[in-house]
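Below is one structure, written out as structure tokens, with a few remarks after it.
Going in written order, the chains are labelled A, B, C and D, and every chain counts its residues from 1.
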Amino acid sequence: MGHADEAGDRRADARPGDARPGDAGRQEAGRQEAGRQEAGRQEAGRQEAGRQEPVRRAGSEDGAGSEDGADSPAVLSLRHVSKSFGAVRAVIDGSIELRAGEVHALVGENGAGKSTMVKILAGVHQPDSGTVLVNGGPTVLHGPAGAIGAGLAIIYQEPTLFPDLSVAENIFMGRQPLRRGRRIDGREMTTEADALFARLGVRIDPGRIARGLSIADQQLVEIAKALSLDARVIVMDEPTAALSAVEVARLFDVIRALRAGGTAVLFISHRLEEVFAICQTVTVMRDGRHVLTSTLTGLTAGDLVRAMVGRDMPERIPGERGAPGEVRLTVQRLTREGVFTDVSFEVRAGEIVALSGLVGAGRSEVARAVFGIDRYDAGAVTAGGRKLRKASPTAAMTAGIGLVPEDRRQQGLVMEMSIQQNVALASLSALRRAGIIRASAEHSFAADWAVRLSVKYGRLTDPVSMLSGGNQQKVVLAKWLGRRPSILIVDEPTRGIDVGTKADVHNLLDRLAGEGIAILMISSELPEVLRLADRILVMREGRLVAEFTQADGSEEGIMAAATGQLEAEAR
Amino acid sequence: MRALLRRAPLAASTLVVASALAVAACSSSGSSTPSSSSSSSGSATAKTGLKVFVIPKNLGNPYFTTADSKGTGGALAAISAAGDTGTETSGTAATSASQIPAIQAAITKGANALIVSATDPTALCPTLNGATKRKITVVTYDSDAPTCRSLFINQASTSAIGTSEVDLLAKEIGDSGEIGIVSAAASATNQNAWIGYMKQELTKYPKMKLVATVYGNDDPATATQVTQGLLEQYPNIKGIISPTTVGILAAAGVLDTAKYRGKVQLTGLGTPDSMKKYVSDGTVKAFELWNPANLGYLAGYAAADIAGGSLKVAQGATFKAGKLGTFTIGADNTVLLGPPTVFTATNINNFNF
Amino acid sequence: MDSDLNAMAGNAAMTPEHIAGEEPGPSPGASGGWGRLRPAMRWESGLVVVVIVIAIMGSALSPEFLTANNFFNLGLNTGEIAIMALPMALIIISGEIDLSVESTLGMSSALLGVLWADHWPMLAIFAVVAVVGVLAGAVNGLLVTRVGLPSLAVTIGTLALYRGIALILLGPRTVANFPAFYTNAGTTAIPHTDLPWSIGIFIVLAVIFAIVLHTTPFGRSIYAMGDNAEAATFAGLRVKRVKTSLFVISGLASALAGVLYTFRLNTAVQDNGTGLSLDVVAIVLLAGVSIFGGKGSIGGVFLAVLAFAGLQNALLLTNFNQEATGLVTGGLLLISVFVPNAAMFVRYLRQAARRATRRPPSEPALSLPRKDT
Amino acid sequence: MTATLAPPREPGSPASASSRRLAERVFRVREFGIVAVLIVFVAITAAIQPRFLSITNIQFVLVDATIFALLALGETIVVISRNVDLSVGSVLGISAFLTAQLASQAHGLPLPLVFLAGLGIGLGFGAINGLLVSLGRVPSLVVTLATLYIIRGLDVLIVGGSQVVPSSYYPSFLTISKATVGGIPDLAIVVAVVIAAGAYCLRSFRSGRELYAIGSNPDAARLAGIPMGRRIFTAFALSGAIAGVAGVLWASRYGTVDSTAGASYELQVIAAVVVGGVAIFGGSGSVVGAAIGALLLQTINSALYVLGVSPDWDQAIAGFLLLVAIVLDRFISLRLTVSLRRRSARRGQ
């Protein structure tokens, strides 16, 4: 574990202001839906968790229900749940209803709170407020076991397999078929596993150990596991992220079969065309809030995107950057077996290059390799004219590279340390005299950068864990800016931080580019990419598949390239 | 008589000069003047109510428990009989590192006399000399620290043990054949001394050949395994000598099978209680040991008398040790407990220790 | 795989909150106003109290307890352990552990004996012993950092290996009669003081270690990697290099301890120092160093040494059954790992109660380490 | 999108099947490896000292090995769940003394009761370990390091200076470890059966598999709703109980029992387990492997005595083997992972 969790479940920005009346002025079914939701959301925004909403939403949900799986009761639903982690409010007001025989889509930008909703459904988290209802009755799911007991099967975004055990055992762990004397019936287990894979139209040897399975196969094993539970509700968190088109098609057949069998399915995906292909109902979340629940008929991808983003694509406010300067960072044919292949690009001084693509497309991995965290099998990285030594962050740093990593908590900060110590962590050698860190120097250094980035803090000696996500991110930025880098790699720089800070970060990046720093930005938030980047490189399955200039870049275009479903988009 | 009386404090003071030359010291000190008038009351009635600490190699060692405890009539019994208060203390492991702190603590606690079985003379001497400097009587028993004590209570003359065991075995195997020795730790001074005398004695039996000496470190498991190894390595072995109570028990355990019983003879030092089984079933014909309780008892009395001022250490000086009767201090200020008892099927049931 | 301790701690950490650990949230160490500093302070001030209590009890139970002479003895028997506790503290703060120190001590003691028996000049012997200590540490360090093995398994292995080498070197022999000049140093006090030399050395080293750990980039990086090795790597800290050097330092310190030990007892035997590793680890944990790394201070170690030595000595002076010292050491160890957990747990309950007020829950398990599986 | 063109894979298609075979082969290799080393070692020793293969010596080795093999069984159960139990030696010691006293004082007592007593004593201490680890949320390393000394301290307190000597037992107690069937010690047979049973349970009962699951990926185990606390508790309880029984055997084998019985056995046991191919991180390894590991170490140990090599080498060899074993395992698993991933990747294209 400790991996970067689904984009920014950490994000918690209430932004009452930005709902534009235009939202309501759209397609048939979508229309009043969205309108009411918007209205409701604004109030909600003004007063923390809008408690007067239920009436309205109840209405909307009937609307949704009337379409499909008609008046079938909600087998499982969350009402106005909220969940905070530390200073970060992952879900502020989430509601969703899953009905038997209905495939329900949950969409939203990274950090909208989808995965946290899933974890609440899974009983992994107890909501801070709000209720979980099973068959309409309020329930408390005691841990994963409780959820499983309640007839829930969950396919997590990150496969959770036992690397040392056989595939079959991974599927049936805790529920292995038994022979006389409560002994495990290995043969039966294998045949059942084979049967499950047959349903999925794939053939994975149930006898092999899970270690070394490709992500796709791991995902398939997870799906098989969920199927084996014969659950009444199956939650699929980005099940298709790593699957090939054929496998996706098979999965959809299975889902249809399940639906016909009266199972309720919650389907989470970034690929909207999949949502349209398989789901009847959709719930859109944004910034931890429920935005919209509606039947899909009559909605378009555009409607959903707008509902997700909460605004039309903002046209770029051109930063006061001059033309890009000389090449600062060159990546040539970089390859890491099974992770990314033949990646080449360059970043010039004063230029922001965005590396875009789906989660798991290999963007962060490229960044890690460039910075020397991971080693690579082929290719070369040249920074400031010097070819960098493999797998040596030190070399990268001396070459003037700084990396603001993807997972702030696990990679960016030492949570037990104070703000000051975190800011100074990468510049210690500069802050010492006679080998000893000068407390005064460290303090003024940290204070200086805290001010420049307008970090909001109590004492510099407070543990960094007390700061909000946004301010934590500023601390990480300060840590690297403190080194005066000539090349700055920012991985998901605004993940899980509130709008205010988000704007700060955007302006900061703009300014830094203006000051001539070469910036490589990785972001799953297309609006942000479109707003900031001079050039946009799109990765898919470990390869660079497209490049857009700031001018010809469009959210749809990028998505299309990223999902490889060019024909599917636009409409 | 008066001279003798006046000499008492002298002797007491000469204890300060702890050295192997104690004899010379005593005689030479005859001319010197009384140093500590404090104890000039050198009457036959010794000071009582003294603090005497008994410090065996380690606690939890059955042999020393027998030697020290009141119940068995060991050191503590003698000390209280002499009207003093005795305490048994030591480390848990038989290493100097764990024994020294106990000695230091005893000194700190204001001991008047220490009865020590030295784990390691060189390691203990600085501490023991420190004690002597504080006018604390130091008596060693079971294992000596020659240069830093005033009196050593010797359980049995080293030569006697060495020779008698060889003779015992010789009788059992008819003066001929390969024999082996299962010793304790190879660093154990008394073990090595005995083995030395055994080798000497063996020269009298040309047809007996000592093929190997193995070390069981007084640990049942290790002792068992080394004995097994010995038997496998030298299948023609006729007899085994194990001059350690743990070793002989383990060896007996190994030999206690049809394959070896009666074919391989075993002798050495063992406690009758623990060996009864093997003697009765014929695995062991004869072995020997002094009575550890008596050893402790004697040490207790000696220490009490010296510290009490009623006994001055000098070769030829005599003292009465309660039930054990009168003993005489021999050369190098050592007192000999007496010849070890040989236990056989006939007499073993008369003893229980 | 960060620390193998973590691997071992894994199941202790398996709680729903632990999984929630994937979500951001203040770690309990940091929860509440001043996070990291406060508990630490509390721990050390608590230690001060403990030391005082022990002193009072000791002097109450035995008038000799507070005498200079007794302090000398007390120090004499603690010196080597104290010296080994310093690098051990650094290693545990960095998220690893070294159980092999007692065997490194034994090995260097044996080496000292053998070479002295072969009439080597003492200074040459010191050089050799130092080199061997460094090598011993380097083996541990490289196996842990370069091969990526759990330091627990590695140092259990070398615990046996180094002791074995001591056995091979010295066999059942006992080497004694080292030059009086050195043995006196082992048994006498520093002139004009009641401090044994070993304690004198410990104090000097403690100051050096305190400066290194608390004021230098090196020390800072130890904390960083102990709390979050990944973040430390991302910050460009040389985790592997630092950890290796820590093991080397530990080896060297153990070698020094071995020499002092040998001179104090004026004997080199193969079993010198057996069982000391636990005492060292116990002291370090008692010092408030977190077994999961990232927390602890040299000040704490110093106090813990006082408490430990005082307790052992008091037990000796009072008529407490000697044989039970193991009970005390073990109990001490358990308490020192349980107390923080208990505090953590209480805090957790308090916040759980305060959930209504939307205060971020601080999950106990969060402080328990995460492993990459 | 090359994958789109890939047809659904056929069962047992070369790729997947071979990857399975590879995995199995590697793990087999691991256990065969130990057996091979064992055989080679025995061969060499026998070549130098033929009597090493004499019935009596084989009996000696087997009997000594059984006790370690038994302890290794318990330790394996714990290690598989990504924990460690350092207190086995102390538990063995205290159980050995108490049961020995039982056997020497209550003569009429039927042997099974003595073993039951040992089992009970061990179970008690194991349960304490289990509680401290599963409820106390303290790493097992620290907990058992502490109980290692606490239990030994208790032992010393109880035993004091006393000891139990063979003479005091009723004969049948001592003969437990001596009786043989067709030259093979009963003890070895019984323990072999026990280990086989243990292996079977770990392989074919849910609780057993769940232990592997916990060790293999604790988080996933949690999400799978496995009752981790209970399982881990059970593991420690079992380890303790087994150590208790081993204590009885120890007493019967060596007769003389004082407060030092079983001191520092924990290291040899862990060495045996790791040498036997049980991953120190848990999740993989087999009881049988561990038992063979124990046999190997014991064989080496006694071979040294038989060869007349100073037993001083014993410990160094054990330590060295342990290191070699973990380094080896590390590389094996890395290799395995890589090659499996390669295959999967190739298949994925």
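Definition applied: a residue touches a chain if its C-beta (ideal position, glycine included) is under 8 Å from a C-beta of that chain, and two chains touch if they have at least 3 such contacts.
All values reported here derive from a predicted model rather than from experimental measurement.
Can you identify which chains form the pair with the largest number of contacting C-beta pairs?
After counting contacts between each pair of chains, the winner is C-D.
Report the chain ID whose CA centroid sits closest to the centroid of the full protein CA set.
Answer for the innermost chain: C.
Round to the nearest whole Å and give the separation of the Cα centres of chain C and chain D.
Measuring from centre to centre gives 29 Å for this pair.
Could you tell me the distance, in whole angstrom, between the mean C-alpha positions of chain B and chain D?
So the centre of chain B lies 42 Å away from the centre of chain D.
On a C-alpha centroid basis, what's the spacing between chain A and chain B, in Å?
Here chain A and chain B have centroids separated by 79 Å.
Please tell me the distance, in whole Å, between the geometric centres of chain A and chain D computed from their C-alpha atoms.
Computed from C-alpha means, the inter-chain centre distance equals 45 Å.
If I count partner chains per residue in chain B, which residues reach a count of at least 2?
59-60, 92
What parts of chain A, by residue number, touch at least two of the other chains?
1, 124, 143-144, 163
Could you list which residues of chain C touch at least two other chains?
Touching at least two other chains: 16, 19, 171-172, 274, 323, 325-326, 371, 373.
Given which chains touch which, is the overall layout a line, a ring, a star, complete, or other?
other
For chain D, which residues are in contact with chain A within the complex?
1, 3-4, 6, 8-13, 16-17, 19-20, 23, 203-206, 209-210, 212-213, 215-217, 219-227, 279, 283-284, 333, 336-345, 347-348
Would you tell me which residues of chain C are touching chain D in their complex?
It is residues 1, 4-5, 7-16, 18-19, 97, 143, 147-150, 152-154, 156-165, 167-168, 171-172, 270, 274, 278, 281, 285, 291, 321, 323-331, 333-334, 337-338, 341, 364-365, 368, 371, 373 of chain C that touch chain D.
What residues of chain C sit close enough to touch chain A in their complex?
16, 19-27, 29-31, 34-37, 211, 215-217, 220-221, 223-224, 227-228, 230-238, 294-295, 355, 358, 360, 370-373
Touching chain B in the complex: which residues of chain D?
49, 51-52, 54, 56-57, 60, 64, 156, 159-163, 165-167, 174, 178, 250, 253-261, 301-302, 304-308, 311
What does chain A use to touch chain D in their complex?
1, 122, 124, 143-145, 148-149, 154, 156, 160-165, 169, 173-174, 176, 178, 182-184, 186, 194, 201-205, 207-209, 211-214, 216-217, 244-247, 250, 337-338, 564
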